[in-house]
Amino acid sequence: MLAILVLLAILIPVISPYDPSAQDLRAFLQPPSADHWLGTDQLGRDLFTRLIYAARTDLSIMVLAEIIPFCTGIFLGMLAGYYGKWMDNIISLVTDTFIAFPFYLIVIIVAFASGAGQRGIFITFMLVGWIVFARVTRGVTVSLRQQEWVASAQTLGLSGIRIMFRHILPNVLPQAVVVLMTDMVGLLVAIVTLGYLGIGIAPPTPDWGTMISDGQSFITTAWWLSAMPGLAVVYTGIALSLVGDGLADLWRRR
Amino acid sequence: MSMNPILEVEALTLSSRANPKLVHNVSFSIGKGETLGLVGESGSGKSLTLRAILGLLPQGIEQTGGQIKSSLSSAMVFQDPRGSLDPLCPVVKQLAEVISYRQGLSRKASHQAALELLEVLGLPLSLRQKDRYPSQLSGGQCQRVVIALALACKPGILLCDEPTTALDVTVQEQIIETISALQQELGFAMVFVTHNLAVASAMCSRLCVMRQGQIVEQGDTLSLLQAPQDAYTQMLINSVLPVPVLEGGEQR
Amino acid sequence: MSHGLHIKDLTVRYDGVTALDRIQLNIEEHTTLGLVGESGSGKSTLARVVAGLIVPDEGIISLGDEPLTRKRSRAQRKKIQMIFQNPDASLNPRLSIRQLLSEALLFHGIVRRSELEQRCLELLARVQIDGSALDRYPHEFSGGQRQRIAIARALSVEPELLIADEPTSALDVSVQLSVLELFSSLKQELNLTMLFISHDMGVIHAISDTVAVMRHGQLVEINSKDRFFARPDTAYGYQLLSAVPKMPAGTYSRRDTP
């Protein structure tokens, strides 16, 4: 499912005869047809093409904005879980404080502060995104730390950093990746929400959120304008969750 | 073997999808007040046999052959005493509940009966004043409570699955003595599963040696241990590490 | 008295509870001390302190002439290795046997890369595991085999002192016997000093030269093996020994002498 979407996003310039921003005012608000698979919008732009180009923006932002928090989160989580004591106290204090704030509140504040657009989303996620990973990793690390093989690695004289990366990391990764998948869904929804609110991706770059809000005014006459991007979000969300589940099963079997 | 067996297991076969012969063709019988030991290493099917008698097979395992005939009710004592008790319920209350359910007594009467039973099992009298949670008792005390729970059902057969394995030696000794004394008094029969031959020899009049789901040898405890016929039995006996006899004569 | 392990006034407290109370203990070089005691007596804590996994509140541990510092150097850690009770948890499930064995060898620069394979095979041979095991993972082995691999890994850094914390308690009796035999032969071949912990008197009798008894965090008796098993000095030692269930007389008559 995810593969289809990614493939489409990559191949779209080849498949589609239309330019996502090209306006064709003669063919505005057309219902789905053979020429325009999902119809056109109020400016006569092909909806299918825009939808997939939007997938390009949204998915790539999602992945990019998730990578750095993923790494820092795991690293900090392992530090907290492995070394405990003051290290754990500080890191846990920070994560708990952030968790106490409603997620969207932070996102909207930061987005306003840094101005709309991709930069806002990146900054927000650098700030908040790592929390989930740090918490999951910390929990897993604390329980792994009680395992005898960690103690035996310590008696072998291996350094703490080495034990963390060589021994604990491979055991933590499966859980973290599964969390990554669910977290990506959340992030995607956040990006789309921001776009919808008008503080996310700035037009004319196609984005599902802005597409939904643009289509809103025509909801009675051209329902597909809002419905299709909405369905795209649902589709991607389900795809990511399934990938997460699949990975979890795969790892459990080993 | 016994004249009037109260429990007969005939050609019992237990299977799961992966292994059709988890337990294969196991037969034995026990008379009133008798103790039979099932000994063997892990995976020999001894615990499964016990669970089949109790009628509590784990999911995915089915009885595919043979029959179990028993004229009396049975109750079981498990290996892990703490795991067999509800950690959120004080022990006297737990026991009283079982008594009132099984014997249909009033709350007050069952509470009284619970205290008496716990006293028989050698639990401290302080429980009379103040009930305690399982976490406040030692492992040995918990196991006594578990035995009390099993006895509250007035079973004709007590099934014991490694009841002393999780305990320290001194406590193990006390529990073995307690179980033996109760058996003398109440006259129930026992099936005793253990991997420890010395414990089995102290408890049981007859032994079945199990290996990979089958009984390889069975017979009278003393003659089986002194003159084993099967090579596997001999190997098990050889694996027991001897502890020399203390000087100055022992009572035991 | 310059060699072996020396422990002086060792004390460990957890949240106000004294887990170890001024322990004094010496293990002579190339001998095995069997440490017995019931659960909660502090024997595992003692093992972990000696292994450097728990930092003691007071007291000095020295190996040979060298007192072990609070924060141990790599060289100091290398000299003391430990085998744990639970064979399911003693090996990292995500590393192959080759990775497990070679890790410490490379980290400490004990062998060159070209000799690595050879060395791993030697280690496996030492614990009687077939060389084909190298590319397999811990879950493919039985409990006894995993315990052997854990021993091979501990031996890879050429320790002077080997601590074994109930290494055979989770194993079947027949497997237990063969693992104990392995310990005995390794002790002889490699001149190891051993601290062997068990609650099983039979195991202690089979492996020890000296026996130490712990109770409630204190060391109550240290005695030579023969004397302890015949005439223990303390009432507690006597109590422990007499509680061991015995096999009926005549059972051992056909036993081959080990």
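Each chain carries a letter (A, B and C) given by its place in the written order, and its residues are counted from 1.
Keep this in mind: a residue touches a chain if its C-beta (ideal position, glycine included) is under 8 Å from a C-beta of that chain, and two chains touch if they have at least 3 such contacts.
Which chain is which protein? Per UniProt: B = ABC transporter ATP-binding protein; C = ATP-binding cassette domain-containing protein.
Computed from a predicted model, the values in this text were never measured in an experiment.
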### Query
What topology does the chain contact graph adopt: line, ring, star, complete, or other?
line
### Message
As a test of understanding: of all chains, whose mean C-alpha position lies farthest from that of subunit A?
### Response
B
### Task
Return the chain label for which the distance between chain Cα mean and whole-protein Cα mean is smallest.
C
### Task
Counting C-beta pairs in contact, pick out the pair of chains that comes out on top.
B-C
### Centre-of-Cα separation between subunit C and subunit B, whole angstrom
33
### Query
At what distance in angstrom does the C-alpha mean of subunit C lie from that of subunit A?
49
### Message
Can you work out the whole-Å distance between the CA centroids of subunit A and subunit B?
### Response
56
### Query
Which subunit B residues sit where two or more other chains touch them?
none
### Message
Could you list, by residue number, the parts of subunit A that touch subunit C in their complex?
### Response
147-149, 151-158, 162, 166-167, 170-171
### Query
Which residues of subunit B touch subunit C in the complex?
41-42, 139, 168-173, 176, 195-199, 201-202, 221-222, 225-226, 234-248, 250, 252
### Message
Please output the residues of subunit C touching subunit A within their complex, sorted ascending.
### Response
48, 51-53, 72, 74-78, 80-86, 89-95, 103-104, 107-108, 150, 153-154, 156-157
## Note on the structure
Per the touch rule, the subunit C residues reaching subunit B in their complex are 38-39, 172-174, 176-177, 180, 199-203, 205-206, 229-232, 238-248, 250-256
